[in-house]
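Let me begin by handing over the structure; questions about it come next.
Just so it is clear, A, B, C, D and E label the chains in written order, and each chain counts residues from 1 on its own.
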Amino acid sequence: MSTLMQGLGLVIALATIGAATLAILTRSTVTAVLAAGLVSLLASVLFVVLAAPDVAMTEAAIGSGLTTFLFFFVMGRIRRESEK
Amino acid sequence: MVSPVLIIAIGLGTAFALGLLGSSRKTLQFGATLTALAAMSAISVIWLVALVTGAAQTAEIHTAGAVPPFAINLRVGIAEAALLATVTLTGLFAALSLRAQLLKLGRGGMAVLLVLIMAISGLVMTRDLFNVFVFIELIAIATAGLVLLSEDPRAVCAGFKFLVVGQIIAILLLVGIIFTYHANGSLNIDDIAATPVGVQGAALAMFLLLIALVIELKTFPANGWALDIYTSAHPGFSAVFSAATGSAALFIVDKVVAPAGAEWLPLLTGIGVLSFVASNVVALRQDNDRRLLGYSSVGQLGLVLAVIGQRDVLGEAYLYVAGGLILSHAVAKAGLFWMSAMVRGRNLDDWAAIRARAPMVLAFATFIAMLVGLPPFPGFYAKWDLAQALVAAGRLPVLALILLGVLIEAAYLFRWFGFAIKREAPEKGLSANMVDCGITFAAVIAGWALGWIWGAIPGQHNVLATLPMLAVLAFFALEPLPAKIKNVAAIGALLGWFTLVFGDYDPMRLIFAVVMIPGGAVILLASFTETGRRIGFYPSAMAMYAGLALLLEATTFFEFFAAWEIMTIGSYFLILRGKMSEPHALSYMLFSLGGAFALLAGFALASGGIQPFALNQLGTVGAELAPWVFVLLSIGFMTKTAAMGLHIWLPGAHAEAETDVSPMVSGILLKAGLFGLFLMLMELGRQSLWGVDLTVVLAWIGAISAFLGAVLSIFQEDAKRLLAYSSISQMGYALFGIALMNHLGWLLAMMFVINHYVYKSMLFLAVGGVYKRTHTKLMYQMGGLITLMPFTFVSVLVGIIAMSGVPPLSGFGGRWIFYNAIMDAGLRLPLILIFMAGPVGFLYLFRLIHTIFLGQLKDPHRQLKEAPVWLLVPQMIFVAFLIGFAVLPGMALQKVDGYIGSIFGDQPLVWSGRAIASEFGYWNPVAIMVVIAVIFVSVFLILIAKNHDAQKVKQFNIVFSAERPYRPETTHFAWNFFAPYRKALGFLEAPVVTSFWGGVTDGLNGTAEFTRRFYNGNGQSYAAHVLLFVVAVYLIAMGGVA
Amino acid sequence: MIPKVLISVLLLLLGYAFWTLSVGYAPDTELNRTAAYYAANAESEVGAPNIVTGIIVTWRGLDTLGEVTVLFLTSAIIALVLSQSGGPSGVSGADFLPSGELLTTGARMLVPLIVLFGAYVIMNGHLTPGGGFQGGAILASGVLMALLAEPTRRFGHTAILRIESLSGSFYVLIGLAGMAIAGGFLDNGILPLGQFGTMLSAGAIPLISVLIGLKVGAEFSSILQSLHETEDA
Amino acid sequence: MTFEWIQVPYALATLFIILNYGLLMTAVVRKLAARVGGRPGIPVWQNYIDLVKNFALRSKINHGVMYYLGPVFRLSGGIGLILFVPTIYGSSWAQNFSFAGDLVLALYFIFFGTLGMALGAGESGHPHSAIGVSRGLAQVTTAELPMALAVYSLAIQYQTLSITEIVAAQQGGLFNWTLFTNPLAVVAAMFAFVGTMMRSPFDVVLAPQEIPIGPPTEYHSAYLALMQTNRAIFPIAKTIIYMNLFFGGAANWAEFAIKVFLLYMIPAVIGVVHPRFRVEQSIRFFLKWGLPVGILAILTV
Amino acid sequence: MSQIALTCGFILILAGLYGALTNRDILRMIVAFTVANTGVNIVLVAVGYLPGRTAPILDSAVPVAEAAQRIIDPVPQALVLTAIVIGLGITALMLAYAYRLFRLRHSLDISNFTELKW
């Protein structure tokens, strides 16, 4: 484990935290959902660094992929509902 | 034997396979669901039976062909099997209860239910921490799904709140699990427990783990979400949520405590007790039935959590206690939720609808008794053992808080029961059908069966397996018969029991036995006036008599206490039968339970946890504890005798009871308290606390009761209340006599036992007869009934002569013994009150006879008839007895006198022929009777000789102030009869005690109202409560551990 | 509503607890006994080079079964939730993402590839990173892609349902078979372990992976579809 | 002591003496009071005349059984009280039937007549009778309290409840009387004595109606005669108890006559010079003055 | 390395909880919870990490005999896989609920759903 990896990890961690802050504090729900997806994506990179490829795959597919779409689907429904 | 894994496999497999059946064949799907649940139940029950009978050993089930801790393993021992049976059976019944919703929704709903039951079962069996997490999440998700079955749209909000909190729990749980794994290198619960931990942070990890599991229990105050679910979900599901999920969650905490270590136990106790007491307090102000049940569930889980926290002192009794409480809770709560499905209205008083169906009332009573922990249900045994263990370990505050909680719980549950019995039935009524009734009754049967099993466990005394209790059960079966036949059976049963046992009793017990058993039979004669079936009367009455019978039979603390509680329950139901008795029956129940808990604590303190502890070993209690035992037991017994301060339940309870019930509860039941006091003082003798002789305190209380009871009595307008207050006074005399702690004092008390039974029963029956005819109990509305009801008049006349102590009737004997007794005693000041109480008593007695029978007859009453003959029969028996007893007091007292002499080692009375002499004076009842009779007859003859031809004129034919009165009402001086007395001594009437207890009640209700505002309905606030709870407990715990 | 300040204080206190955990944490230098057991016995007991898959499918198979059940439950409940609520017709995804010609065509080409990739990930789960879940998720993304591309098209509900039910039931049956003929519930030893490191090895692991993959894929698809589609389905 | 038939004529003789003494003495007291007030008063044989006249009266009515029995109870109470208390200390024939019971019997038997009379009056249906009973009972509860305490004090002092033994203990000189050996008890008892003799200031009980206890509007003829008889003997009987308990008893009839007369005069004199209390006032009076003395009596003995 | 990941995970958890407790919009609460869940996953994986070792896959690079010395702890990874899937399930469920709630009241503000209380 090199210092390089350490540095990489630190950078990814900071980015993740940044994305999370955005997800929590932003005013727009769409931005928040996308930011949350980004958090997951960055986390899966972190998992790779942490020698967990299985987890990384899962997190990428499920956490950042499917979950985000679920949000959008529901938001779409709600939007249509309120437009009616 | 099939493997218990099949429970999981069948549940899951069926859930998955339901999709293959096609969405249109809903009935088929439902059938499959039921079959699967039935199969799961069958497996659990088979295992339970096998484990209990010893046919099987605790099963360790390995999965994946590897040994733990490397693969997940399951375990099924007795506790697991019992819980599995509870869970799966609840699930099966829940499916039935939810059938309409499930059929509507089809496969999805059924699959969710199956998975829920499967997951709860898995949670019970698994020994792996992470597996616990998976099952908990499954349960959470399934719960969120089933909540939607409700037609109440608010359920959606509840479900969402639940999910939010579920997320927080999941986070805490996962962090806790992973750090525990890090510290121990294992996820297996047993493995962790077996490995000592040295790693820093392990305690904190364990804390997160535990606290997450504890929040699963919906502990106060982190439980707003759960209450919303109880309120809005379909009751068929709430039953599962409360009974199955709750029990399983408790079991998980119990599992995890082993690896966590004993240092967490106090924390669990604290949380549990807080949750128990606080939830019950809040429930006081609740009027939605399901939310009330929710609070009660939360409280019960808290109670069991506290018991888990006390496992270190419970030792081998742990499973018995915790199991008893959990199963009681599960069965009763499930039953109540199912009943709630049938009641259409959501207010507590909408439950009045169940009154129309006697079996439903029985079910309701059963469930409430189970929750409160009354005999013969498991909670009762559990409560007893718990108290013993807690006291033995010196954890009195825990016991006190738990008992307080039970008392509050009893308050709202019995208030609710009172609503159901007494409130006006709502129009909405009941939607009962065969299936719902069936599952409710399955719960009832399960409850009684559990009661039997808990009693039958070796080393316990099975309350149900006694002849009197079996008789009570028999009377349940006799309910369809007409009242008159049941009455014959009841009298027969009482007399039969008496002939069976009376030979074994010492003279003192025998006196009590005669008063309680054949005495009860005499009063039952009056019940022949009742027509119809009189549903509910006989089981209640026989339960009371069974309690009394067992009380006399009791040789150990436990038997005594059990009998005491049975007697209380029976009499509560009896009193509740009165027309206006709802609040009074409740206060009776609460005071009785409070008193019973004082007894429980006293017994536990005395025995120091040794079971069984014989009553006659009470004297061996160490000198430090003895005064405290004395105090606790006295409070318990004095609650029953309604000593001043603890008396406020009595007037209403006795006055509002039915005609033939009042004499039972007054004439007979009060004696149980005296019996207890006798037993206690016989063994404990005089005790001092802080230099105060406690018997002197008792004497003071007795004297104050005797005096104030009499004073309050004279101000009553209601005839039965007057008699009721008079009982307080009379019991005060008896208490005073016992507290004198000398031979004659005790003889005096025994005299009161007999006399009070006779004349109070007689007077209550007489007044009851008058009430039956006039339909009022207010004396000033009566008057002049002497010519219409001559027999009743005679019995009242004899009654009041006897009671006031005027020679020649038997009350005088009591007074004579009293004077001789106080000659020996060192007590002088309380005597002043006693001296004054005598004439004051005369006041109310005169008022009773005067305002009812003398004075002017009112116009509406001119056509009244004499009371029903069956009311008169026992009265005449009593009259005959009083006269006989007056002439020959020796027939009852001489043996008792000898027996008391053997206790005190003296013999102050000399019985020569029919005369009695003491050191100080003498008493010849026969001579008194003869002299008075001769004088009376002579004077009477003179009068007849002169006035035999007197002209009979109408009573109304009077003149006063030179005017003819206009209406009889205007000339009946009756209302506020002792007006001058009120002017002079009315301040004694100030309701100090009532205000005090009223203040206590208001305080509790105020606290409840204030506290429940905390549940503001906002999901985020609830989540914040959870965090607040976690942080608060964290700070406390870390402070404690560090 | 609770003031934000209070929430912050609460979370700071909770953060203190976490901080204590994190300060007290020292990475292991050796594998602990459980992990060491897995490392040592992965070949002999389960025969799967990817130890994580071995653990998931076999040693902690009960968890996995539960996990599959979670998805099953979720999809069932979501279907219930949405069927009860009634709602507007139409589809939702189109509002957020353009479903132009390009996407449609692209999707038509991509979907088979995605499915293929999913199948690969599933089948090699015991050898390389991946397995039933990951593969199932990828399969579901294929369905998602198709949904996005052709919003109005309806996918075979019944087929998905059948796949879901059948794969689930088989999973349970295999578990039972483990109990009957091997070392216990969910033991992968019902089939021969085979040659370590090859595709058809590790006993029942590939089979279970396939079932998990199918089931997870079906469940994800059904969830996506439920949330995407109109209620009149 | 046991019963012998000879006691019956002895008792009747005692009764006869006391009845005559009572008839005469009450007349004398009334006459004295009248003279003090400057009126001529009644002849001393007036009571005999009234008695005979009432017995002879022909018109009589009946309101009911209890009404009928009321006077019977009343007179039986008076006679019984006399017969349960030994009249003359040391006399073999004036012991009456005191073997049947001791002091306690006497104290409680006082209520026998009261109760019966009250019941009888009650059945007359006259509101005034009820008012009178209500007042009487209310007052008696506190008026008797000092007496009860005094008796208890006495019983402890002499360690007996037997009246004969109490009298015996007071023989041998004036200073052996309870009056001197236990003055507090005597003072307390005298409160009760004055309070229960139905004289002013404690006679508001009689005021409204004079039915239950005094001569009558409703009761007349032989009913009244019985009551008048009782009126003559009952106060004497009560006074005898006080005499026995506190004033050395009487060793012969002369001593009896003097002591009873003097004791009887106490309430009479007090009554002449005091206005009436209302009932609540008397209750307060007894609680304020009688009760403390009684308490002191039992505490100091 | 694991300290960094651990801290990052904890911060995500706290941030997520903060968001869930302060945002009244139901959807935003759900988003916040997904962030918190990601944080939990990071914590889990970080705990299983051993410095200087490789992924727990036995291949030519990591022969069976050396496995115990070469690989990191596989157990937390297995757990995380499960946790991720469960997290998705719950998120989906909450979203469905959110939609139901919206239909009920035409609002996504959690403080509008308080009729069950006390």
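Keep this in mind: a residue touches a chain if its C-beta (ideal position, glycine included) is under 8 Å from a C-beta of that chain, and two chains touch if they have at least 3 such contacts.
Remember, it's a predicted structure, so these values are computed and weren't measured experimentally.
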{"item": "Chains touching both chain B and chain E, listed by label", "value": "C"}
{"item": "Centre-most chain [mean C-alpha coordinates]", "value": "B"}
{"item": "More contacts between chains, A-E or B-D", "value": "B-D"}
{"item": "Interchain centroid distance [CA atoms averaged], chain A/chain B, Å", "value": "59"}
{"item": "Centre-to-centre distance between chain E and chain C (centres being mean Cα positions), rounded to whole Å", "value": "15"}
{"item": "Chain C-chain D separation of Cα centroids, rounded to whole Å", "value": "106"}
{"item": "Interface hub residues of chain C, defined as touching at least two other chains", "value": "1-2, 7, 11, 14, 18, 21, 25, 28, 32, 34-35, 38, 50, 52, 60, 63, 66-67, 70, 73-74, 77, 81, 84, 87, 129, 133, 223, 227"}
{"item": "Chain E residues counted as touching two or more neighbouring chains", "value": "2, 7, 13, 17-18, 21-22, 24, 47-49, 51, 55, 57, 75, 77, 79, 81-82, 84-90, 92-93, 95-100, 103, 111"}
{"item": "Chains grouped in pairs wherever the two touch, ordered by label", "value": "A-C, A-E, B-C, B-D, B-E, C-E"}
{"item": "Residue ranges of chain C in contact with chain B within the complex", "value": "1-2, 6-7, 10-11, 13-14, 17-18, 20-21, 24-25, 28, 32-35, 37-38, 41, 45, 58-63, 65-67, 69-70, 72-74, 76-77, 79-81, 83-84, 161-162, 164-166, 168-169, 171-173, 175-176, 178-179, 182-189"}
{"item": "Residues of chain B touching chain C in the complex", "value": "3, 5-6, 8-9, 12-13, 15-20, 61-66, 69-72, 105, 107-109, 111-112, 115, 118-119, 122, 126, 128, 130-131, 134-135, 137-138, 141-142, 144-145, 148, 175, 179, 182, 184-187, 199-201, 204-205, 207-208, 1018, 1020-1021, 1024, 1027-1028, 1030-1031, 1034-1035"}
{"item": "Complex interface listing, chain C residues touching chain A", "value": "50, 52-53, 87-88, 90-97, 121, 129-131, 133-134, 137-138, 140-141, 144, 220, 223-224, 227-228"}
{"item": "Of chain A, residues touching chain E in the complex", "value": "1, 5-6, 9-10, 13-14, 16-17, 20-21, 23-25, 29, 32-33, 36, 39-40, 43, 46-47, 49-55, 58-59, 62-63, 66-67, 70-71, 74-75, 77-78, 81-82"}
{"item": "Chain C-facing residues of chain E, complex", "value": "2-3, 6-7, 10, 13-14, 17-18, 21-22, 24, 47, 49-51, 55-59, 64, 67-68, 71, 73-75, 77-79, 81-82, 84-86, 88-90, 92-93, 95-97, 99-100, 103, 111"}
